Structures are given as structure tokens and as C-alpha cells.
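Okay, so subunit A shows up in both of these, paired with subunit B first and subunit C after.
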Partner chain A sequence: MTSWLKKIQQSPRLQFILFGVLLSSMAILPLLGVVRSSTMSIYAYIIIYTVVALGLNLLLGFSGLISLGTAGFMGAGALGIGVFMNMGLPFELAVVLTLLVSAMIGAFIGLFSLRVNSIYLAIATLFVGEILRQIYSQVAIFGGEGINIGPVRFFGLIELNRSLRPERSLIFLILVIVLVVMMIVAYNIVKSSTGRALMAMSRSENAAQAMGVSILKYRLTAFITATLFATIGGILYGIYFQDAPTRQWDLNLSLFLIAMVVVGGIKSFFGMFLGVFIVHGLSDLFLKDWLGDVSFIFSGVLIIVVILFYPYGTVHIWVDFKRFLKYIKSKIDKRKGVTPRG
Partner chain B sequence: MTSFIRIFFNSLQTGSVIALAALGIVLIFRTSRTTNFAQGSIGTLNAYVAAMLYSSWGLNIWLVAFLSILTAFITGIVIDTFIIRPAARVSPISKQIITLGIILIIVGMLPYLFGIDPMTFPRFIRTGGIPIAGATLTYNTILTVSVSLILMLLIFWFIQYTKWGLAIRVTASDEQTSKLMGVPTKTVTMFSWATAAILGTLAALIVAPTAGVNINMLLDVQVSAFFAGVLGGFQTFYGAVIGAYLIAFARNYTIFYISDTWGNVFVYLAILFFLYFKPYGLFGKKPTKKV
Partner chain C sequence: MANQTLLKIEDVTMRFGGLIAVNKLSFDIKEKEIVGLIGPNGAGKTTVFNCITQFYKDYEGKILFKSTDGYTDLKEKKITEIIDQGIVRTFQNVELVKDLSVLDNVLIGAHNQFKSQIFSHILRTKKAKIEEETLRKKAMAVLEFMDIAHLKDLYVGVQPYGIQKKIEIARTLMSNPKLIILDEPAAGLNDSETDELEALIYKIKDKYNAAILLIEHDMGFVMNICERVCAINFGKFIAMDSPKKIQKHKEVQEAYLGKDDA
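== the complex of A and B ==
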């Protein structure tokens, strides 16, 4: 038993899987009537945003690049599969095509980023986001207000419809599985030579170049990966809500996504979930019931306070908590008359 | 020809609005090293104050404008002292997210302070204008455009030729060193926030008669102001202002003569294309970097 625990402690990949197993309880609880099924939808949102935040973290945390167009790519995911599936294409093909399209836009931004830096790059991505938003609301194939996706057939085997409760739980399970896979993918990228190259690039581009890191290759990698994560988040939105609105993918959502990464803890994996939970989940799960409309003010204050006191993210609360436990322990030991070791 | 001139007058006014907002953003970017996403929200907050003073209290419109500028000044100072200054050591990205927090607080506060009904705010000069080639140049447009131009010129003069302006310029170029040289950088930053809030509020008051007073009244202006900053370059204070007028003219003319749905997109793509060749804007130079 203890050897199992040790194994889990040493392997983040096992931790991700265990986390997924815990999270999937949310799919079963509404069926038993323990929690409201709207709670499951909030967790679905949390999973979707976590996937997007994992990609944004690669960009913001590990590569030191910023994007204000993330929401646009989420929209590309949701609306993309909507358009392709309405054309009659199977779900899998729609996903592949959507990912291809947004990877191309991501590559375009990556190329652009070779010339443009810092705030100019941030606002250049805002340009892309605004152009995408205009396209979503004006082009006829996106249906003006949104696209109804309807039941999704996976691999030609099972068709899942969100209006039936058990099937909605199954969709939620798919979301959890994708989240765990994306967490492992993000972890693998960071721990590979690509991750090391990205981090070298974020510290000093000139030094990285001198060590043989190709800026072109890794900027493209960073932007394409981040857009793919965002698009996958959007696709998950399409699968779960089976409806793709055109108007919600704006600058505010992009800012919120950055807030999630920053509040959770840059360069951390569980931190992304924590950040999404604090910025998005907390207000929807508890604050709206307890405080009503004040939840907006409260979220704002929360973001500011967290950034002021934990500039490296809330994951570091855990470190402080451990230190606090140690402190208490030493106090108790002293009172017992035992001299602390070490 | 008539519509050409009418659009010209309109663009002058939209250009002034964007320029006011953009100048505020650049001022804060240079002195506080943060992108202020809350520029629009701060202006909106004070526009609400103005609308309330005007419609509920029935004060004179000029007095209302003066009072709302006063509250804007206070808002700027409060935000700087309680939120921005304690965050001096926070990383640049986190600092931007702090301004998102400010947006949330303001948006959350508005319904409590002013109710949920949309409000209105009239033009400063209700009627009258000069007919020029079939189009009318209203007295209100003349007033708003000239006030914003004079104000911005005054700010440029202040930055370029006074001792405090020198303090702003040195803080913008290197805060650490200027602090060591005895420049009161804290005061400089505080007044930058206050000035930016005033500029945002003026933009809001000019937009208010047409857009109405609501939470999203400055959304478009703010995004355009960022674009203006990029087009003109963040390294000079006047770049963003020129960029703002350029964007206003380009957008209004393309929307009218080429396509009303895709005009924006054409202009954005053109600016992106331009940015590829001049990555630091019209007036920006490539900063030197130590290895």
C-alpha cells in the first residue's frame, strides 16, 4: 500500500490519472441526486477552461509570450466542429479539420511573433481575436447568433445527446478523459527537449540562439500548441453544450483565461485547475448563491488580493501551509519538552 | 461629396475620443509598466457619475463635467494608491491581470451605485452648426474636438517643457534610476493614473450622447485605443494620438465606401501588415538590448 502511495507521489502522470478518477465522481453524483446537475455543468466549464489554460501556460509561463486572442481560438473549436458537422461530416473528421485550420492561424501568429515583441505582440494577437470575432458574427455559415450542434456520434458507435441525463454524464466522462490526456501531454512537452528549449527562449532569446535553439521553430511550436489546446477546449465546449454561440469569444474571456493562469500559478499543472476553480468556479459554485450580485466585486477583489500576496500563484499556498504545519509541530514538541531534531 | 465631408467631421470626433483614451493608456504604460485594460471601465464609472448628477440632481451640464473630472481624478489616485502601488514588485503579466480585477470591481459596483436602468447624457451644445458643402459641422463637434486637441497639446507641452514633465519622461525611461536620482516616481505614477482617468472620462462624456451611458459604452473605444497605441508606437506620447486619428479616418471611410461589415477587418489586417514591417509602430524605434 505504501509503495503505491510512493509511486503516485513520484509520478505526476499517475497523479493526473488519479485526479481524473476523482473528478469523474462529478459525473455520477448528479445521477444519484446528491448534487444538482447544474453543478456538473459548472465542472464541465472548469474542465474546458483548464484545458485552455494548460495551453496558455505553455505560452505565458514556459515561453514568456502573451496572447490576447485565446478566446477567439476557443470559438474556432466550438464553431468549427459545428460548421463541419452541419455539413454532414463525421465528428472525427470535423475535429481534425478544425484543428488544422486553427493550427494554421496559430502558425501565422507564430511567424508574426518573430518580428513583433512584448505589448505589440499582445495587441497583435488582440487584432487576430477581434478579426475572428467579426468573422463569427458576420459570416452566414456561423448562423448569426450561433450553431446548434445536436447529438454527437463518437467513432460511429454511440450517439450521445446532452438532454438525456445518463448520456450527459457520459459526455462529462469524455471531458475528464480528454483533460487527463491533455495534462499528460502538457507535462510531457515541458519535460522534453522542447520544453527546455522554450524555457531557455523565455529567459534570453540571444543566449538560447547561441546555444543552438531555433527561435523560429520554437516560437511556432509554442503558438501552435497553445492554439491547439484552446481549440480543443472549444471542441469540448461544443461536445458538452452541443451548441456553439458566436458572441462570447471576446477580449474579456481572453483576459479571464490569463487571470486563471496567473492566479493558479504560472508553470504549474494542478495550478491551472486551481486557478480556473478560483476565478471561474468559486463564483458560480458558491458566491452567486451566498452573495448574489456582489460576486463580481468579490471575484475582482479576490484576483487582486491573490496576485498581491501570491504573485507566483495560489499553488504556493500549499508550501506555506506545510511550513505552518511544521511550525505548529515544533511548538507542540517544545511544549512536550522534546528537542526538535534537525 | 456631402457624405465624404460628413464622415470627415464624424471621424474627427471618433478620432478625438480614441486619442484621449489612447493617451491615457500610453501614459500608464510608460510610467507604471502595465497595460491598463480598465481604462474604459474607469471612464464609464465617471460617466455614470456625470449622468446621475445631470438627470437626478439636475445640475448644470458644465458643472457636471467639472465634477465628473474631479471624481475621475480621485478614482485615479485611489486606484494607484490602493491597488497599483502595492503591486510594484508583481510581474508585468500579473499587473495586467490586476487591471482586470479593477474592471470586475467597477462592473460589479455600477448596478449598486446607479441602478440597472440605462442612463443618458446630452450633448454639451444641443443644437446649431455650420453648414459646409451640404454637411453640417455641429457646434458640439467643434467644441469636443477642440477641447480634446487643446487638452492633449497642453499635456504634450507639460511633458516636454516643465520640470514635472521631465520627471514623467525620466520615470518612463527608467524608473529605478530616476528614483535613485531623487525623482518622486510615486507621485509621478499617481498623477499619471489621475490624468489617464480624466482622459478616459472625457472620452466617455463625448461618446455618451450617441452610445448612451451603459457598461459597454467604451468597449469599442478601448480596443481601438490599444490599436492606436500599437500603430503609433508606445515609445512616444504623441504617436498614439496620431494613430488614433488615422484609425478613426481609415475605419469610417472603409466602412462607408467599401463594406460596412468588413471595413473594420480590412483596417485591422492593414495595420497587422504594416506592423510586420514596422514592429514598433510609426514613431517607435527598436529598443537596444543588452545581452
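== the complex of A and C ==
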């Protein structure tokens, strides 16, 4: 048993899977009537945003680049599969095409980013996001207000319709699986020579180049990857809500996504989930019930407090928690008359 | 067999607007030689380094480096391809990734030896795993050689300056270098650390068979360690000779101390 625990402790990939298993309970509990089915939808949102935040984290935390156009790419995911599926294409093909289009836009921004940095890059990506938003609401193909996606058929085998509760739970499970896969993907990238190159690039471009790290290649890598994560988040939205609105993908959302990454803890993986949970989930899940309409004020204050005490992200609460446990243990040991070691 | 010339700098001139930072400079370095580049502040030493490593590309003249078939004009190579030629450098203000472990920082020095790409990293293919494992072992060997293996999992940011300098040198050793360029390796080190560095540079030369070109203001250190010293002032070549002869060279003395008016 203990060796089993140790194995999990040493392998973040196993932790991600275990985390997915825990999260899956949210798919079953509504069926048993233990929690409301709207709660599951809030968790679906959390999963979707976490996937996007994981990609943004690669950009912001590991590569030192910024994007204010993230929401635009989420929209590309949801609306992309909507458009392609309305053309009668199968779901899988729609996903591949959507990802291709997004990757191309991501590559374009990556190329663009070679010429601009910091605040200028922020402004440039801000307008990429705005242009995308305008395209979504103006171009007729996106249906003005949005596209109804409807039931999604996976691999031509099963068709899942969100308006049926058991099927909605199954869709939720798909979201959880994708989240776990994306966590592992992000982790694998960071822990490889690609990840090291991204970090070398972000800390000193000169030193990185002297070590043979091509700035062009890794800026492209960073932007394309982050864009794909955001698009996958959007696709998950399309799968779960089976609807693709056009007006939701604005700067506001992009900024909130950055807040989620920062509040959770830059460069952390579980931190992304935690950040999304605090920024997005907390007010919807708990505060709203207790406080009603003023819950947003409280969640805002809460985020500010969290940032004040955990400027490097809320994942560091864990470190304090462990310290607290140690403290308790030493107190107990003292009472038993055992002198603490060290 | 005498060592062949490894690096030839021929008539290199580098201008920044109206300022001539390096003026028709020529000198060479032989294989496995330790060469010091000295000169007063603003003499253009770091500019020379930046030209060799192709940070600056618009210099006049030629910088040639020995390759398997004759000499390569480094100007034809991209800045990121310099390390493939066997030239690697450190920086005046240590340029490490502070929030990566010591081992990971050293592994960045082997970046050009990783053949696997992002897709094999994501899927963790067998090939990518073996590659990572092999280079990790190599990095451990380098850390052991540098006597800092016990620090491998710690963050670089929390290490003292002397250790950070060592890590930067360790990073250069990952690329099987033929020429290691050190920009003020002894700056900020105390006396015992400087002595240690001296021993280390000899050890590196022996084990890795690399030539070393260094800029340093600590004259005792330069004179002790270098086989030849090249002195420049205002970007111009003054003299290149053994440390003893350089110390007695009249123009070199003038460059540092000023002219005797009497």
C-alpha cells in the first residue's frame, strides 16, 4: 500500500490520472441525485477553462510570452466544429480541420511575435482576438448569434445528446479524459528538451541562441501549442453544450483566463485547475447560493486576498499545509515526550 | 605534431554607427591553447566575443574556424549553428534559467544533440526516452567532473554566484566543445574560488581537449593561466605573446597605465 502511494507521489502522470478519476465522480453524482446537474455543468466549464489555462501557462509561464487573444481561439474551437459539422462533415474530421485552421493562425502570431515583445505583443494579440470576435459575429457562416451543434456522433459509433441526462454524464467523462490527456501532454512538453528550450528562450534569448535554441522555432512552438490548447477547450465547449455562441469570446474572457493562470500558480499543472476553480468555480458553486447577487463582489475580494497572500499562486497553499501538518505532528510528539528529530 | 590553428580572426572591424568598436583586429588560437584577451574597459573585448559567436553579423573581415575539411567561415553559419561547430560560450552576467534545476540547466547545453521533436516528446516515444536518459547521464558525468553533482536537483536561482558560474561552465561542456569562450570567469569570485577556477580550467583542457579563450580583468589570474595573451585597446591589436612578454610590452603598459610624459 505504501509503495503504491509512493509511486503516485513520484509520478505526476499518475497523479493526473487519479485526479481524473476523482473528477469523474461529478459525472455520476448528478445521476444519483446527490448533486444538481447544473453543478456538473459548472465543473464542465472548469474543465474547459483548465485545458485552455494549461496552454496559456505554456505561453505565459514557461515561454515568457503573452496573449490576449485566447478567447478568440476558444471561439474558433467551438464555432469551427459547428461550421464544419453543419457542412455535414463527421465530428472527427471537423475537429482536425478546426485544429489545422487554428494552428495556422497560431503560427501567424508566432511569426509576428518575432518582431514585437511584451506590451506590444499584448496589444497585437488583443487585436487578433478582437478581429476574431468581429468575424464571428459579422460573418454569416457563423449564424449571427451562434451555431447549434446538436448531438455529436463519436467515431460513427455512439451519438450523445446533452439533453438526455445519462448521455450528458458520458459527455462529461469525455471532457475529463481529454483534460487528463492534455495535462499529461503539457507535462511531457515541459519536461522535455522542448520545455527546457522554451524556458531558456524566455529567460535569455542570447544565451538560448548560443546553445543552439532557435527563437523562431520555439516561438512558433509556444504559440501554436497554446492556440491548440485553447481551441481544444473551445471544441470541448462545443461537445458539452452542443451549441456555439458567437458573442462570448471577448477580451473579458481572455483576461479572466490570464487571472486563472496567475491565481492558480504560474508553471504549475494542478495550479491551473485550482486557479480556474477559484476564479470561475467558487462564485458559481458556493458563493452564489449563500450570497446571491453580491457573490461576484466577494469572489473578486477573495481573489485579491489570495493574490496578496500567495503571489506565486494558490498551489503554494499546499506547501503551507504540509508545514502545518509538520507543526501539528511536532506538537503531538512533544506531548508524547518524544524529542523531534533534527 | 604541433597543434594546428583552430580559430583565425582576420582583419575584423565592427562599427556601431560612427563608433569603431573593433578595428582591423587579427589574431589566432591554436588547438588546446588557453588564450587570454585583455584590454582596458571599452577596448572591445566582448564585441570580439560577440563577433566570433555571430551575435553580431555585420562585421567586416573574416572569422574562420577549423572544421573536418579545412576552415569554415563562421559568418555563413546562423547564430544557433555556432554551437554545432564546436564553439560555446559563457556570459559576463551569468545567463542561466533560474527556475530550472542545476541538471536541467546543464542539459540545455546539449540542446543541439536532441534529435527528437515535440511530437515524440508528447508521446514519450522509446527513442525520445533513451535520448533523454543518455544525455542525462552525460550531464551527471559533467556535474561530477565539476564537483557539483550533489546540487543536481536544486534550483539554480538559490545557488551562490560562484556555483552559478560553475554551472554555466558545466553547460558549455555538454556540447563537446573545441573552443570554450569565457567572458570574465573570475569576476565576482573570491581568492580561493579563483584558485579553484584556475585548477578547473586546466582540468577542462586536459579532459575535454578544448581550447579556451577568455576575457578577464584579474591580471594575476590571466598571467597564471594563459599560454598566450592578446592585448587590445580601442579595438586595435597591440600585441600577442606569452604572459611574461606581454607584461613587459611597452604599449600594453601604456594602455593600462597611460603614457610616461617625461
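FYI, the second predicted complex is superposed on the first by the 336 of 342 C-alpha atoms of A that agree within 3 Å, B and C clash if a C-alpha of one lies under 4 Å from a C-alpha of the other, contacts with A are read in each partner's own complex, and residues count from 1 in each chain.
Operating definition for what follows: a residue touches a chain if its C-beta (ideal position, glycine included) is under 8 Å from a C-beta of that chain, and two chains touch if they have at least 3 such contacts.
Quantities reported herein were computed from a predicted structural model and do not represent experimental measurements.
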So in the superposed three-chain picture, is A:Ser3 touching just subunit B, just subunit C, both, or none of them (first/second/both/neither)?
neither
Which of subunit B and subunit C A:Asn206 touches, first, second, both or neither
both
Contacts for A:Phe112 in the overlay, against subunit B (first) and subunit C (second): which applies, first, second, both or neither?
first
On the superposed three-chain arrangement, identify whether subunit B or subunit C touches more subunit A residues.
B
Quick check for you: in the superposed arrangement, does A:Ser163 touch first (subunit B), second (subunit C), both or neither?
neither
If we overlay the two complexes on their shared chain A, which of subunit B and subunit C does A:Ser192 touch? Say first, second, both or neither.
second
With the two complexes superposed on chain A, say which partner A:Lys267 touches: subunit B (first), subunit C (second), both, or neither.
second
Subunit B/subunit C common contact set on subunit A:
204, 206-207
In their complex, what parts of subunit A are in touch with subunit B?
60, 66, 112, 115-117, 119-120, 122-124, 126-128, 130-131, 134-135, 138, 204, 206-207, 251-252, 255-256, 258-259, 262-263, 266, 293-304, 307-308, 311
Help me check something: in the complex, which residues belonging to subunit A touch subunit C?
185, 188-189, 192-197, 199-200, 203-204, 206-214, 221, 225, 267
Subunit B to subunit A touching residues, read off their complex
29, 35, 37, 83, 86-87, 89-91, 93-98, 100-109, 111-112, 223, 226-227, 229-230, 234, 261-262, 264-265, 268-269, 271-272, 275-276, 279-281, 289, 291
Report the residues of subunit C in contact with subunit A in the complex, numbered from low to high.
53, 55, 79-84, 88-89, 91, 95-100, 104, 107-112, 114, 116-118, 121-124, 128, 132, 171, 175
